[in-house]
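Next up: the structures, one after another.
The same chain A turns up in both complexes below, where it pairs with chain B and then with chain C.
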Partner chain A sequence: MSETAPQPKTAASNPPVQPIASNLLPSDVVRISATKDVPQPERQLTKVAKLIDVSKCIGCKACQSACIEWNDTKPEVEENVGVYENPHDLTPNMFTLMRFTEWVNPETDNLEWLIRKDGCMHCEDPGCLKACPAPGAIVQYSNGIVDFIHENCIGCGYCVTGCPFDIPRISKVDHKSYKCTLCSDRVAVGQGPACAKACPTQAIVFGTKEDMIAHANDRVADLKSRGYDNAGIYDPPGVGGTHVFYVLHHADKPSIYDGLPDEPRISPVVEGWKGVTKTAGLAVMGVAAVGAAIHGIFARANKVDAHEEQEAEKLVQSGDGDGGSV
Partner chain B sequence: MARPLYSEPGDRIESIHPVTVSRYRGFIRANHWITAITLILLLISGLAFFHPSLYFLTGLFGGGQNARWLHPVIGVVLFVSFMVMFIQLWRLNLPTPDDRKWLSQIGDVVKGNEENLPELGKYNAGQKFIFWGMTILIVVLIVSGVMIWEQFFGELVTIPTRRWAVLTHSLAAVAIILVFILHVYAAFWTRGTLRAMTRGTVTGGWAYRHHRKWLRELAGRRQKGPAE
Partner chain C sequence: MTNSWTDIKNTDLVIVMGGNAAEAHPCGFKWVTEAKHHRGAKLIVVDPRYTRTASVSDFYAPIRPGSDIAFLMGAIRWMIENDKVQWDYVRNYTNASFLVKDEFGWSDGLFTGYDEEKRDYDKSSWDYKMGPDGFVQTDPTLQDPRCVWNLLKAHVDAYTPEFVERICGTPKDKFLTICEMIGECSTPTKTMTSMYALGWTQHSKGAQNIRGMAMLQLILGNIGVRGGGMNALRGHSNIQGLTDIGLMSNLIPGYLNIPTEMEADWATYMSTRGFKPIVPGQTSYWQNYSKFMVSFMKAMWGDAATAENDWAYHYLPKLDVPAYDGMRMFELMNHGKVNLYFCQGFNPLLSFPNRGKMTEAFSKLKMLVIMDPLATETAHFWQNHGIYNDVDSAAIQTEVLELPTTCFAEDEGALVNSGRWLQWHWAGATPPGEAKHDTWIMAQIFLRVKKLYQEEGGVFPDPILNLTWDYADPGEPMPDELAREMNGRALRTVYDLKDTTKVVAEAGQQLANFGQYRDDGSTMGGCWIYGGSWTEDGNMMARRDNNDPDDTGAFLNWSFAWPANRRILYNRASCDLQGKPWDPSRKIIEWTGEKWEGYDVPDIPVTAKPGEVHPFIMNPEGVSRLFSRGMMRDGPFPTHMEPFEAPIANVFNPKMRGNPVARVFESDAEKFAAIGDPEFPCVATSYRLTEHFHYWTKHNPVNAVLQPEFFVEISEELAAERGIERGGRVRVWSKRGEVWAKALVTKRIRPMQIDGKTVHVIGIPLHWGFMGAARKGFGPNSLSSQVGDANVETPEFKAFMVNIEPSAEEPVA
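Let's look at the complex of A and B:
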């Protein structure tokens, strides 16, 4: 372990051959699920991003294969039901999925085949992390990667509830939550994500967020020059921007890409549940419990006296029954 | 024989000198303890997910994963046990005109001036409130709980519905914990009540003070009732 890995600026380079130390450390964490007051990291890593240029994707699924290969997952072999998605959905073993949509452009009457690589967006403001009740099960690094730490995960599925993009999947085998890691284990040693590296058309590219935005702007300009007037970047501000983002040829209508949310944000219901419900709920329960305990100890109890015991005897003996005389 | 108005057919005066009255038989007491214990276990495990500062409570269940799968299973046990209790108790928990009077004099209730209050059957309006409050909240908790039960019902409802369900579940949990505190507090404050759930009997004086119509009915039944 002579050298620390550089922070990767591209997915294209080949790995160094000498042993190399990880450069994505526990101390680089900026947010931890169910944990307040995370210590401020000493250094700020360069923000990274993976850019998915939908207009360049040919739907070959090399990225899916690379992801399976790198993460050593074993997605189940499913039935062919006559659609291109394979598997049919994201699963605990399939962190990324090409989603295919046949869309008729109302302006040109052309059939367009929209292909979107789905997977974790690595939100700057991650709903999964906000919802998670288990300390340390989800972390966010200062370079923007949101990662699930499986040994702390309890399998409750709250991350599913919190995520605006319907990404995490809970394994039925080990009851832990899985999603794209942005290849944090590759980034840690100076490598770009496996999917980006495998992509034959460079529809997936990886680098610093800054570089990726610049590249995306070039791509948008190119698309516009070729008639895609609504081409644009999908880097949704509702979740603070994302570290996986898209170039879309129809950026005015994200939802035509198999339901990509138009304006994703952490649901107000989730905010209310994790926010005021918790603070107010805890306060009310605490006051009630302590109040009842103190009152129970100090207040005058409601006691039965000897006179009442005698009255009861009289009543029973006289058989003053059935609510008769009062 | 017509149903008694203020008591269960099985309630009876056990002895006269001093008076002791049987309020709950063995089965219902055992079942009540199942309800109580499961509610406490649910409250502890649920609160562990509710707030990070209470997450350590999962340790009592052998860790987060165990607490996560146990909680809903215990919830089903609670639901079944409570429903059995519901079938046994609902009739005498229906509201009566006396309840309104009792509630309008809640000040006397709190001060313990029971001589000013109307005579009551087996339950007062406070006890009825707890009964119906628990009933409604347990139904809300099981319905919303199933919707967020990832292990077996992960696909049952859409994610937006699931968000409402988890919010509802946590609000209902807070509410049932408040009702539970009130229930335990009232049972403790009203001295002589707890033995109704331990031994199953109360003293005559207790019945005379708090539930005199109930006592009267039992006394009348004892006089003319079927020979024992």
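Let's look at the complex of A and C:
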């Protein structure tokens, strides 16, 4: 290996051909699930972002195809149930999904076919990480990428509850949680995410968050000139902004895009769990571990049941959470 | 395409009609998004369905499948009525001022000369008035009632916005909005591009659909300019190459013709191919026909083709019918008149209409040879797959041989894209198993057949025994050898035509361009339009320099575009009469006072002064044709014709069925539903989906995941009427067959009001069969009617009549 990979500026450019060392190191991690006092990195990586311009998206699913190929997943060949979404939902083997909505604009009475690429938003303030009771199962890098470290995952499903966007999916095979990694393995060697690389219309673009915001503003101006007065950027402040964000023609109504949350924020319960993980995190871990022992060596998915949720909530209400940073 | 994919970024308005570019050509569609993003271009979509292209459009309007001519003639009428005409262009670069014979006319949906018995026209009246000097008579003032412009005006008069709404089902206000948007492009500084595909070709009058838009583009002055043109989006990565190379029974590479049996000798054949200019001083490029033809014959038969034997003209087959197109072949096969069928890269069991007839025809063969990288349905037509291929295997005696071939990624060579670019590619993978290159298979067969003739003789073995076969390994011609042969080379010293002492090429050298082709036997060349693709300087198709001076989108040093590396055809028409660009900000070429130069290869002799030679040098008129004389079988102007199966009769002439000159075989005619047949009330149309490529990608698990199962698309209204639920199972049937599918109930298809009648449209995507990774299903060809375009025999896949009902359970065979 010769030099260190550059930090990627775009997904469209071709990758370097010489072997290069990873530029996304364990020391670049800024937050770790169920772990306090994470030593802060000496360097700050440039914040990256993937911009999904819904107005340029043609719903071709090249992103889904690239995602399957790059991550080498094997989603099932399902049935057609009368919709264009295939698979029908995100799965442990399908980290991104085109969602199609037929929406009649009440102002113009014209049909609009809203097509949105769904997947992990890589929140600046990640609810999954905050909710996760397993030390080291979820990490956040200083460039903004939120990644799951599967060897540490206990499959409890708290990340699902913690996610305001309903993204992670628990595998019934290995009982681990899966979602988009923002192709952290590609970004580490100077490439953009596979989906952005494959996108034929550059509806998906990747680069520094700053550049992507500038590009998004440019796109919003174009949409406004075409009569989309409410065009705008979806980079929700409720989760501290996201490293995957959208340009929407109707930014005043995110939920028309197949239920994109209007004002996403981490559930107060989960916000509280952070305290749990700090003071009594291992107690929660203990619940899972005992559960495992009783039901016999992970014979079932390690789901959080209602009782466990109640227990956690009680802990939260006891006022032990500090709501502060990790 | 007259232009190229990269040129689409230069446009102000994209109209996608007769295609679904975002869905079927997603990578090329990026240039539309470029135009929208960087030029503020608008996108119009006219389609029976609200498609994925429509989802990113600025304006959408619905249209009934098979009614496009009415829409287009309506648009032309609106342009003329509202003076949205680029007059300088129309007067000088079209045949608007040419006078037409007094006998020519149109009434009751038919042009003069119709013979019902022969289902053909006597086209003698569809021509210009010629003067005694041999040149056409014109009226530059456009006052003469017999000039093309006035005849066109009269011809389109019936196509009012109300008429368009009545026939097409397009709401009048939407039609008028589109006309206004198009009309803005009649100024010299605004251009529209037309992107179309099989949505226009797969009709019994497909060629006339395209003529209609070409005429509109000429009236707007949009042909030959940047961001304009008629841009056919080719459906395979190399289907342009297929037509270029002449892989049709009636063509010779480079759009030359196989002789007919009426042309028994060379002199007769050439007598109708002089293409003498019919306006004074004009260049008529097809006058070089003999150079291209003789060089082709030399490429085929080398020393055996001589001036004395008319270049071995007697070796060429002579057609007894216009063409042995696919439908004719399967008709013959079905009559037991074909014993052996070679199916190379072709899956007709799913891709040709009336599948039932295909199965029957294949069952009558003695032997079927399949050359394909995939296990196709055609190769397994004899195998029972329940309802998905319900055949009695024991009753089929056809012997099937499968010869596995390599696919494009395992092969080297050039693919010709829609923009006529020959892009060389290199093998990216090693062929699996026993797969062999097609060239190896063909060569091995040829060498064996040749040996048989050598040893055993035959009735007329000469064309086979004398075929040029000059390859390093006769058993496997290499792609570079074949490419060099297609470019052409000098067989002996080639001299300049004017300065006959000047040497152009020495014997053995590659020719630099088709201008060096000769008809004296001194050159050979397999495909004249590819002249210049592999010169003494090497493989021009492998060039990958993406410099683009002034961002014109021409990319002259990237690959090679035929003809002559020209990126925009007719580009002389991008300048006014003095040779200045209509739009200085979109210059392609201009007249410097001495010659033509600019960013593209000029489509005119470089020293031809403006005003002396007109821009359309491939036509003996020197101008483009609003009136196409007798060039097309079904009329010099497009006229509204219903599909062969239609919900209403032709309002011009209720007795007229479909295209009155389209060829219909008797057995196929019996399988047409009656006009307005209540048993088949719904209009069906077929199309591709982005997730798949034809019947190939269902073999790939990833594509199968993304679109796993056959479905049909119907409106919420039709679903409610028939009690069909979203995702429910339905049966769809026509007079030719039936299929079962999942129902996709959508707002993107709406019922239409056609001539006072509610008409439902059913969308039937292709892509599913009984082989591969996806779920078993059907193709639209189980249902569609077997009739083709009157000029080129492209099957009418885009409009036929069906019925639909809920089907609760999976039926058993």
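Throughout what follows, the second predicted complex is superposed on the first by the 271 of 326 C-alpha atoms of A that agree within 3 Å, B and C clash if a C-alpha of one lies under 4 Å from a C-alpha of the other, contacts with A are read in each partner's own complex, and residues count from 1 in each chain.
The definition used in the following text is that a contact is a pair of C-beta atoms (placed from the backbone, for glycine too) under 8 Å apart; a residue touches a chain by one contact, two chains touch by 3 or more.
Since the model is a prediction, treat every value here as computed from it, not as a measurement.
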Which holds for A:P39: it touches chain B only (first), chain C only (second), both, or neither? neither
Given the touch rule stated above, what does A:A134 touch, chain B (first), chain C (second), both, or neither? first
Classify the contacts of A:P19 with the two partner chains as first (chain B alone), second (chain C alone), both, or neither. neither
Chosen between chain B and chain C, the partner touching more chain A residues is B
Using the superposition on chain A described above, determine whether A:C156 touches chain B (first), chain C (second), both, or neither. first
Chain B versus chain C as contact partner of A:S267, first or second or both or neither: first
Which superposed partner A:V104 touches (first chain B, second chain C, both, neither): second
Touching partner for A:I170 - first (chain B), second (chain C), both, neither: first
On chain A, what residues does chain B touch that chain C touches as well? none
Chain B residues within the chain A interface of the complex: 5-6, 13, 16-19, 48-53, 55, 58, 63-65, 67-69, 112, 114, 119, 148, 150-151, 154, 159-160, 162-164, 166-167, 170-171, 173-174, 177-178, 181-182, 184-185, 188-192, 203-209, 212-213, 215-224
In their shared complex, at which residues does chain A touch chain B? 34-36, 133-135, 152, 154-158, 160-161, 166, 170, 172, 175, 267, 269-270, 272-273, 277-278, 281-282, 284-285, 288-289, 292, 295-296, 299-306, 308-313, 315-324, 326
Footprint of chain A on chain C - complex, ascending: 22-23, 26-27, 29-30, 33, 36-37, 40, 42, 50, 52-56, 58, 60, 690-691, 701-711, 725-728, 742-748, 773-775
Chain A residues touching chain C in their complex are 55-62, 64-65, 68-69, 74-84, 86-87, 94, 102, 104, 110-115, 200-203, 219, 222, 225-226
